[in-house]
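Common to both upcoming complexes is chain A, partnered first by chain B, then by chain C.
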Partner chain A sequence: MRAEPVGAEAGTRPLRPAARPRSRGREFLQALPWIGPALALIVGVVFFPAGVMFYNSTRDISASGVDRGSAGLSNFAEVFAFPYFWPILGRTIVWVVVVVVVTVVLSLALAQLLDKAFPGRRIVRLAVIVPWASSVVMTTMVVYYGLEPYFGIINTFLVDLGLIQDPEGYGWTRNAGTAFAWSIAVAIFVSLPFTSYTILAGLATVPSEVLEAAKMDGAGPVRTYFGVVLPQLRAAIAVAVLINIINVFNSLPILRVMTGSIPGYDADTVMTMIFKYIQNQHRLDVASALSVVAFVIVILIVAAYLRVVKPMREV
Partner chain B sequence: MAVLAPAPGLRKTDARRAHYTEDQVSLPRMLLRMAAGLVVLVVFLLPYAIMFFGSVKTKAQIRSVDPTYFPTEWHWENYVTMWSTPETPLVQNLISTIVISVFATLLVLAVALPAAYYTARFRFPGRMVFLFLVIVTQMLQPAVLTSGLFRQFLALDLIDTWAAMILVNAAFNLSFAVWIMHSFFAGIPKEVDEAAQIDGASRLTVLFRISLPLVWPGIVTAIVFTFVACWNEFAASLVILSTAGNQPLAVALTKFVGQYETSWHYVFGVSIVAIIPVVVLFMLIEKRLVGGLTTGSVK
Partner chain C sequence: MKTLRGIGVVALAATTALTLASCGFSNDGGGGEGGGTSLDLLVPSYSDNTKSLWEGVIEGFEEENPDIDVNLEVQSWDNLETVIATKIQGGEAPDIYNGGPFASFAADGLLYPAEEVVSPEVFADFQESFIANEQLEGTTYALPLIASARALFVNNELLEQAGVTEPPTDWDSLLDAATKVSALGNGIAGYGMPLGSEEAQAEAAVWLLGGGGTFGDESEITIDDPSNLPGAEQIKAMIDAGATQADPGSTDRSPLMDIFVQGKIGMQVGLPPTVGQIEENNPDLDYSIVPIPTRDGSPFTLGVADQLMAFENDGDKQEAITAFFDYFFTGDVYSDWVKAEGFLPTTKSGAETLGGEEALAPFLEVLPDAQFYPTTNAKWSATDAAFKALFGQLQTQPAEDVLQQIQAQVDAG
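What follows is the complex of A and B.
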């Protein structure tokens, strides 16, 4: 293959006449100054640390960071033998599935509204962006404060509504179960903007002729939506679901703020557990082993993404 | 469109859609939409409204067992006094956030721009492998690699430095920048480049004089998105930056949680200061937000 230009119309006419045939190696060397720095950054700060992590998962590392030699697979054994491991894994699945499913369903409705013309739509669209741009830590902290007994403003609101009798509240953020449930709510809230915007972009590609045709055939709005619009959104929904799965699985700040001060492991996911191993127990070897488990899960999701969506198709 | 559907496509369909709906919507239906829009507006702004009202209360007011929804008096001086609160050196945290975000964004731009240009314009051996690596990177986040990053920067003696977090933020945000700029470069007709090259311009001259002005919206999108992502990064900073003064605001603020008497009014004041600039930046690129994240699969 020669160094051919890639045009917008997928034309591959050579930039210069093919007077000087070049070797593949030389073409790669010619590309290197352009892609080399990016490649170095990706390899050096993403793939190399991944290798370090895999290596460390088989080492015996002291709390002060000294490598005491090979540990075989004992770190993995320790991860799986931890009595809370399977509940944590189960909770991680609940966390991802509930957040992603509710987010996508709500986003479908939200995108439908944001797609319609009405006065003030631009303001509403901009408001939807706010949680996307804001620090998740800060958004979570305001909810955490709101749920505090006595002085929390959300708790007060629930008391004023008559939903709670005692201003002491439920100790929302003191019990693992309720803190976890509120974390799910926050995770949905901060996932809505990206998901809605992705579906909105998908809606913009539904040809208006198709909608007109459905209307001519006498299809009502419900049938038009489920029969015509939703199938057209398949690709947008697939992307939104997969990117959300990755984001929610990797999410640390929400649970860290909401459930971080609760003793025990009854509100942990794989990700918060990794950070407990690193920070509270100083077990970098075991943390690496659990990270490898998480990494493999992420890679499987990415593989599914590449298989379903085929993003390389048109490059 | 080669890879993505950037702004022009969206805008065109917006106009089409507005036309499609305008002439057949009854007034009650329009009012219903506005009401639904209002509900969405309130829900999405509510946490930040609570934050704002809390930020001008006194500590006694915000911790009162009989709290009021709105401040009874407005204590704007909180926005001055909060910087000297004892929990964490907030001024240094703000500087740290700015330095890390600015330099990580510059680094992303410096390495992503040439890569995006070259991969959009030329085919070469290894091009698909490179773009594949970029896509895989987009799916990985610092959180899952934190233990590896920690050990690596420890070995390089870069642990607890801004440099480490600049590298981490740049590396993990590279893919969005490459993709969005790649799609903009791919959208320029190659005849434009060819004409300039026939006139004797070098490849670099073509890039800087001809292509860059045309892909400017893509560059702005890449800059803003990267900057905001770095600004809010949490997981890797939490482990890599151990000294209080080196930590960005997102990490520093978590120290307030679980304190005996949390100064929530300060937490919210700092949050408002940290959130407003990035929200404004995000609003500037609203139309193009989706493109780089979904790499063209939403067509």
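What follows is the complex of A and C.
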């Protein structure tokens, strides 16, 4: 990507204002051999599949995958007419908001801890990475089996403590409410490492002079944190929240594993519903339409977040 | 997708929202490598042995037909139908496919009629009742590969402890026996009822058809039918009486069978491979296999046959496919394969060869009374999916509502 500054420079700094309109195209052509592969990759793996998704959402595709012609907007009509659509959308928002908020709050605390020097810090820092390094499906399966009645270790533990009366345990993953709650817990668990490390990186940029100054002015630890440290973390938190919103919204495996055997649509989010359209009903067209809806929702959420919180504004 | 064919884009798998609903692409591909013919074979995994069993078959076949290459692809049952749909959409259907419902493929005109891809002698060897189940408007589109029937597995020890002397034969005695076994406490369940998404349609058939109901036929799916209500109501009665394990609505079959094998469930409907599973994991279990209890005690079992079907694609591999089917269904190749997988054979010669197998005897016995899913109905796939997604709601919702919802999803599909 060393070639990029040529174009970037011309674009941002108007060195030769008069010549710009004509030379811009030429400079782009000159840069093309260097940025070409990256552009091709972006087009191939981002724009092309997205385009196909939009295209499929307006087609009538049979259960075995044959395109039977245009369907207009009837797939979208079906998505919105589905009686469980609005509850599912509401649940998706609960899912995203709870997971992201709790993750960020816990990560702030965790990052503060990891920022302090204490014996064994390196090991603790490594341990925090573990949920990130292991497969999400595997992590979820471990919890899922732990929650199984009869042989799950979590269930057995709760039975042994006397918190559950039935000797075979409680069907945590068999009931929509509890399965959804446990999914949220797992999602928070696997989101913590990335978020903590992003915030930890932010903490490293807080200059020690500022902290000293706060101390000199007589601010206590609480005041220092909320008045000095937290505002400086704005950019780090913004990145963490944005990426988490997109990640959590698009997360399928956790809910798929934890709520997969539950009948009906009482534990579904938009993502698992897309999956059900494909996997159970073979409705590739309707699934594409719902994907388009999901895509728009994510864009709206992110736009609203950027607009309301203005996280990228200079501190 | 035809317009996009030949672009030759290798779709990189990605699981973001952007690509979740997109499909795979490929170039026209196919045979013609090095002059010989190549056959793509897509099969599901029945057991850990499936892959090596097919590899053995292919090795023997390629030895006899050196100019034909067979490419094997094994997928899990969970993914199979998604994989085949994606392949078809990408214009890359396999030549031979081992799967369940074939009607939607036949309706889209993708399949060879079975008689065109197998020699008359081999075709005549299949049991007529099974062939009848593979027909759509008089044309046979698939060859029955294996069959299974269901029967009630009974834990003799638990029934004895509960004071039940005879295994139940009808619903009343089943409810009575299951309630008594459940009353033993200590986490023991009387009847194992898996209505979870894994195979809800099977447990549904056991009850709805066992109560004189019907799923419909080749031309019509009738789930919301008054004749299905007794079965659905009886399921609710079993649940309400506490005769089943907890949360039957979301319990999957395989994990529940494990609990039966561990000896904590009084009775559960099982399949021929269950015998081997018990032998392997808990050989000390004292159990017997009896016919499934029905409403009035009349004999009934749910028969399921999985099929082999041939996709037409470019229409130039008919001979190679015929050679493969003839090789596979002849003599010991077939009976060894069926025996190793622990299922029931669908050919007359296979039934003769395997008739002496003791573990299969209770199932071969109930096979004449088998009822099948209406797999020839193009809507069966949608019905199957609707059962998986919705039938478990019986635990909490009225029977009529659940049947109506299933019917509605089928009609929309």
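Going forward, the second predicted complex is superposed on the first by the 271 of 315 C-alpha atoms of A that agree within 3 Å, B and C clash if a C-alpha of one lies under 4 Å from a C-alpha of the other, contacts with A are read in each partner's own complex, and residues count from 1 in each chain.
Throughout what follows, a residue touches a chain if its C-beta (ideal position, glycine included) is under 8 Å from a C-beta of that chain, and two chains touch if they have at least 3 such contacts.
Everything numeric here is computed off the predicted structure, so don't read it as measured data.
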Task: Once the structures are superposed on A, label A:49 by its partner contacts, choosing first (chain B), second (chain C), both or neither.
output: both
Message: Output check: A:62 vs chain B and chain C. Expected answer is one of first, second, both, neither. What do you get?
response: second
- prompt: When the two structures are laid over each other on chain A, which of chain B and chain C touches more residues of chain A?
  reply: B
Message: Output check: A:250 vs chain B and chain C. Expected answer is one of first, second, both, neither. What do you get?
response: both
Query: Taking the superposition as given, does A:171 touch the first partner, chain B, the second, chain C, both, or neither?
result: second
- prompt: Thinking of the overlay built on chain A, is A:130 touched by chain B (first), by chain C (second), by both, or by neither?
  reply: first
Query: Both chain B and chain C touch chain A; at which residues?
result: 44-46, 48-50, 52-53, 56, 65, 150, 167, 250, 252, 260-261, 271, 274-275, 278-279, 284, 287-288, 291, 294-295, 298
Parts of chain C lying in touch with chain A, wherever the complex brings them together: 1-2, 4, 9, 11-12, 14-23, 81-82, 84-90, 104-105, 108, 110, 185-187, 195-198, 200, 245-247, 249-252, 255, 259, 262, 264, 381-382, 385-386, 388-393, 395, 409, 412-413
Query: Taking the complex as given, what residues does chain B use to touch chain A?
result: 1-3, 5, 9-10, 13-14, 16-18, 20-22, 25, 30, 33-34, 36-38, 40-41, 44-45, 47-48, 50-51, 54, 62-65, 67, 69, 107, 110-112, 114-115, 117-128, 130-137, 139-141, 143-152, 154, 167-168, 170-172, 174, 178, 186-190, 193-194, 197, 228, 231-232, 234-235, 238-239, 249-251, 253-254, 256-258, 262, 264, 267-268, 271, 274-275, 278-279, 281-283, 286, 289-291, 293-299
- request: Under the touch definition given earlier, write down the residues of chain A that touch chain C in their complex.
  value: 44-46, 48-50, 52-53, 56-57, 61-67, 78, 148-150, 166-168, 170-171, 173-175, 249-250, 252, 260-265, 271, 274-276, 278-284, 287-288, 290-291, 294-295, 298
